[in-house]
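Heads up, the next two complexes both have chain A, just with different partners, chain B and then chain C.
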Partner chain A sequence: MSIDVKMAWRNIWRNPRRTVLTICAIAFSSLLLVFMLSFQFGSYETMINTSVKIQTGHLQVQAEGYQDKKTIRLVVPNPAAVGEILERIPHIQAFTFRGQAFSLVSSKDRTYGALVTGIDPIREIQVSRLKKLIRKGSFLSESDNNQALVGKLLARNLRLELGDELTLLGQGRDGSIAATVVNVKGIYSSGIDEFDRSAIQIPLKLFQNVYTMDEAVHEVVIIGESLSDIAEIKRSIELKLSKLDPQMPLRILDWEQLMPGLRQGIEMDLVSGMIFYFLLILVVAFSILNTFLMAIFERTREFGVLMAIGTAPARLTKVLLIESVTMTMIGIFIGILMGCMITLYFQTIGIDISGASELLSQFGISGRMHPKLSVLSAVSGPLAVFIITFFAALYPALKVRRMRPVEAMRAV
Partner chain B sequence: MYLQLAWRNIWRNTRRTTVILVAVVIGIWSMILLGALMRGIAVGMIKNGISTLTGHLQIHYKGYRSDPAIEHSIADPQAVERVLNKVLPSGARWTSRVRVNAVASNARHSSGVTMVGIEPSSEANVSFIGAAVYQGRYLTQQDQNGILVGEALRDKFETKIGRKLVLMSQNTGGEIASRAFRILGVFRAEMETTEKQFIFVTREASQIMLQLDTGISEVSVMLPGKPDNPDAISELKAALPQDQFEVHSWRELLPFQTAYLRILDGFIWIWYLVVFVAMGFGIVNTTLMAVFERIREFGLLKALGMKPWWILREVLTESFLLLLSGMIIGNFLAFLSIYLLSEIGIDLSALAAGAEYAGMSRIIYPAIEAKDIFMANGVVMLLGLLVSAYPATKAARFIPVKALAHI
Partner chain C sequence: MMNKGIWISLVAFFWVSISSPSPLALSANQLVEDSFNYVRGKASVSTVMMTIHRPEWQREMTIRAWTRGQKESLFYIDAPPKDHGNGTLKKGREMWIYNPKVNRVIKVPPSMMSQSWMGSDFSNNDLSKSDSLLTDYTHSIIGTETHDGQNVYVIKSMPKPDAPVIWGMQKLKIREDLIWLSQEFFDEELQPVKVMTTLEIQMLGGRLFPKVWRMRKAEEKDKYTQLNYKSLMFKPGLPDSLFTLANLRKPRR
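So, the complex of A and B:
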């Protein structure tokens, strides 16, 4: 250990009380940042996963322009060909086909408008959570022909019970009138009111028959193995799609394009989080600057003596910076350690959010909230603390250089 | 006398005092500013919710809230009006509406909407629609075939003013009624969902279409003064026949916003405490150092016969004055920033879809609530004194002989 480091280390522990308090301040802010960031990331992941698993999937193949217009005419005409492509792309967990049409839905004495979705009962289970959300009755099976699943709120509005008849009336792909009668087989509740109020699912085969779709579908919904694989999967699908029929151009959209509100919601939450963290770090920085500054004032005489016996100002600055960096590192280390422990604890236990469940269920978060510890969330906050405290310490450390030994030695 | 003594002691070391003052000022400033912004988001959300066809309170036929269907209409609105005239404080405004789910369609598109039949003149005093039409014109009583649509709906339907739009809904007989309207005006709303969801026609037109006669779905009331008025609600409840009508306040009608309001206080508290802890370490450290620096002085004072609790009081008074000065400056700066922000607001248009996803307005203005300001200052002062008690007791416990011998 060089003499400078040794000196710095001993200086730190000359006033243990002050050192411990400063380290506590740094540790506290690091801990808080680790936890808060993990909490935020965890809630985003929950939001994305639930929205993706209930509504859109990670990726969708659609006809060009369908996303904006949702017109029944814009179809994927050859889903089998798309399916063949998808089979050969790695990291795809599952995919399914859906057809969608806005229709009038009537029960015995009520009529509402709703989005009728044709789903493939077998494939859908691997892609969406719909089956787990069934509260009454059961999910569609392969042999079902004229059965339907209805959202809880829509069922209430239509006064539907299991087994009741439901008339669908809409417009087919060729412009003809599409009408059929189905029976309610299951009622589900996702907690997202918008979805539970306006959606009804029928078997894809029936959908294709009624809406004169032939073999066509509107969406090919894809779930990747994890969120981080999505970009790569998207690229490889894009490449293969361009080789298909150029007459009917198909597009691949990821969840950010499918749900722009969700992505921007996350961005906004991140931005407001940043403001919060910035203010917090600012307050901590002043606390620390204060301590460093005071420590140096207190030791004015000491520096005067050191300089008088020939210590170069640069060396003094170096020692002081070693002191502050060591203190910061200890604080950050403790902060990260404790932050990770607390986060991991809540990651397994979950945080009870029943007080806010009404609010959060609309974003697809229900039950308990699980923070998610990652390298990013564990390191980025403390890193910011490190940088800021380094600069906070720089000012007093440089101030020393302007001291004059004679005056400094006379200071009380 | 010791106030003066404390004040002079503080300024003996200007540099130290300035640094700690800055820390307190930034702490208070960030507490109040962020609190006001969070409060502002809530205020914006609620204002928005109230003006988007909610009002301060609503009267429905019994059962309408859980099952908003046409058979739960108020058949005799005049009876309700008479009660309103009698019971509500002067200055209250109200309007009655027909509100049903419908399907809107033109040659290319169709979509589910909420058809709202309004009384143009009284509606303008109650909800946002009176001032929201930016293209074409607002409805008048005579516009039997006129319809107002939102900008987003117009774009989605690829239509424009003067074009036709067909509405379909279930009438009182359970049959599907449909009627063609002509687009008279296009409105803009705070949220795109509002623009997509609501379309407005005159009350009479909707009543004819749905064979409602004089029936209406709801009466929406704006009260003078504060939005919350439990007296008015209980009086209304007493005056209206219980078996026919239900009265709901906006808190019941806007569960999402109410839930946000409920957890907001918790958020603000947590923020205050977090900032305080960050700031508190600095306060303890500095006070501690200030005390140890003056160890000889305290020893001398004690040797001269000053009682320990006098010293305790002395140190606490110094902290009190420091905190007070910091609070005054911090509050001033916070109010200044809030004042500046209240002119322009924070524009979230770039993240509009995100703001909408969270149910927030596009522009947020900070909102001051006495409770928040009081809490922020209270937290800093109380906890500030509490953490200064530690160095203060240290100072009070110095043993004169040892302290005097200290260099």
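So, the complex of A and C:
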């Protein structure tokens, strides 16, 4: 160990209480950053996956223009052909077909407008969480013909109970009037009010029959094995789709295109988070700056003596910087370690956020939230702390260069 | 002193002319109401071919219609066979739809009133609130034109404050013999939304009447819904029992 490092190390522990406090500030801020970032990333993934698994899926194949204007005529005419393509693409966990039509839904004494969705009872289970969200009754089965699932709020608005009759009245694909009567088989609550208020699910076969869809559907909904695979899956589907029937051009859309609001929500949350982190780091930086300025005032006389016996000012700066970097490193190391431990703990057991469920239900998060520790969330916050504290320490360290030995030695 | 006297009388003159309803405004209201009554008659029975035209497809329906006064109407779809028997009853602002396949009457909720009727360019509101033009708007004549040697009044209709309407303005063209030539709908920013024009004015049901009514979206030339009167009869009255929910359910031949 060189003499400089040895000196720096001894200087650090000359005033143990101050040093420990500074290290604690750094450690705590790093810990907080690690945890908060992990929590944020975790909540985004939860948000995306919950929204995606109840509504849109990670990816969808639709007719060109359907996303902008959901008219019943814009269909995927040959879902079987699209299905064949999807079977051969890796990393796809599951896919299903859906038909959608806006219709009047009417109970005995009330009528509302709702989005009637035809779902394949078997395939839908693989793709969406709908089955797990059933609060009353049960999910559709393959043999069901005129049964329906209704959102909790819509059921309440229509005053529906299990087994009640529900009249659907809309317009078929050929422009004819589509009407049918279904019985309520299940009532679900997804936590997304908008969805629970305006959605009805009926078997796809019935949907195609009533709305004169023939074999056609509106959406092919795809769930990937993980969020990070989506871009690759999208590319390979895009390539294959272009070779399909050019009569009815099909498009592949990812969740960001399907739910632009979700993406914007995440970006806005990230920005406000960044501002908070920046303030946190700034506070830590000032505390470090304070510590080092104090150290220099305290040791002015000592620096004077050192310079008088021939120590170059650059060497003093170097010693001071070693001190600051060492302290920061110790703090960050402790912070990351403890932050990771706390994060991992909550990652496994989850955080109960039922108190905030009203607010969060809009984003489709319900019950427990799990932070997600990643290299990015563990390192990026502490790295920012390191950089900012380094610059904070640079100022006092450079101040030493302007000292004159004689004056410095006379200082108290 | 003299000057002052003239001023006062001038101001008084203007004041009076502003505050009393101008004869022009009154006649605009009268004109709209008269032409509306001319079109609807006391009661009418008609058969209409409705054509919904889109760039890539077209659909035709035959509709039978009964109207009475300004508020009550009953429509039945006759053809195509698949939709035969679907009915709509409208009384004032309320509207019901009947479907024979499920044998149910559904009341159209207020939130659905701006949706299109049977996929056409006419909204439920257009059908059910047709007399809203008389009750919810103030009319003023903003110009005259000449069509085929006849005077045509251009009328600007602005909604009354607090009137439950969705349009920001309507512009009507009414011929001096009370025949409706066009009705243009504007949104709240006064941008045109859709326009209804009438064509082929001829003798129908004992009076001059436009045979074809065409509703077209403002920005799209090739998207419209057209009503073509196959037959039209004006009557002095129709029985009350016709405009009831019970009658709506009754199967038609």
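Here, the second predicted complex is superposed on the first by the 412 of 412 C-alpha atoms of A that agree within 3 Å, B and C clash if a C-alpha of one lies under 4 Å from a C-alpha of the other, contacts with A are read in each partner's own complex, and residues count from 1 in each chain.
Here is the rule we use: a contact is a pair of C-beta atoms (placed from the backbone, for glycine too) under 8 Å apart; a residue touches a chain by one contact, two chains touch by 3 or more.
Computed from a predicted model, the values in this text were never measured in an experiment.
Aligning the shared chain A places chain B and chain C in steric conflict.
In the superposed model, A:167 makes contact with chain C only, not with chain B. Using the contact criterion defined above for the overlaid structures, shared-chain residue A:176 touches chain C, although it does not reach chain B. By the document's definition of touching, both partners, chain B and chain C, reach A:104.
Judged by the touch definition given at the top, the superposed model places A:395 against neither chain B nor chain C. With both structures placed on the common chain, the touch criterion links A:28 to chain B but leaves chain C unconnected. In the superposition on chain A, A:114 makes contact with chain B only, not with chain C. Partner contacting the larger number of chain A residues, of chain B and chain C: B. Once chain A of one complex is fitted onto chain A of the other, the partner contacts of A:9 are absent, as it touches neither chain B nor chain C.
In the superposed model, A:345 makes contact with neither chain B nor chain C.
Touch criterion met: A:291 reaches chain B, while chain C stays clear of it. On chain A, the surface touched by chain B in one complex and the surface touched by chain C in the other have residues 104, 110-113, 171 in common.
In the complex of the two chains, the chain A residues touching chain C come out as 73, 104, 106, 110-113, 167, 169, 171, 174-177, 179-181.
By the touch criterion given at the top, residues 15-16, 19-20, 22-23, 26-27, 30, 34, 66-69, 101-103, 108-113, 168-170, 174, 176, 255-256, 259-260, 262-263, 266, 271, 274-275, 277-279, 281-282, 284-286, 288-289, 293, 348, 351-358 of chain B touch chain A in their complex.
Within the complex formed with chain B, the residues of chain A that make contact are 17-18, 21-22, 24-25, 28-29, 32, 69, 71, 102, 104, 109-114, 156-157, 159, 171, 198, 260-269, 271, 275-276, 279-280, 282-284, 286-291, 293-295, 297-298, 355-356, 358-359, 362-363. Residues 52, 57, 59, 77, 80, 82-83, 86, 97, 99, 101-102, 104, 106-109, 111-112, 115, 118-119 of chain C touch chain A in their complex.
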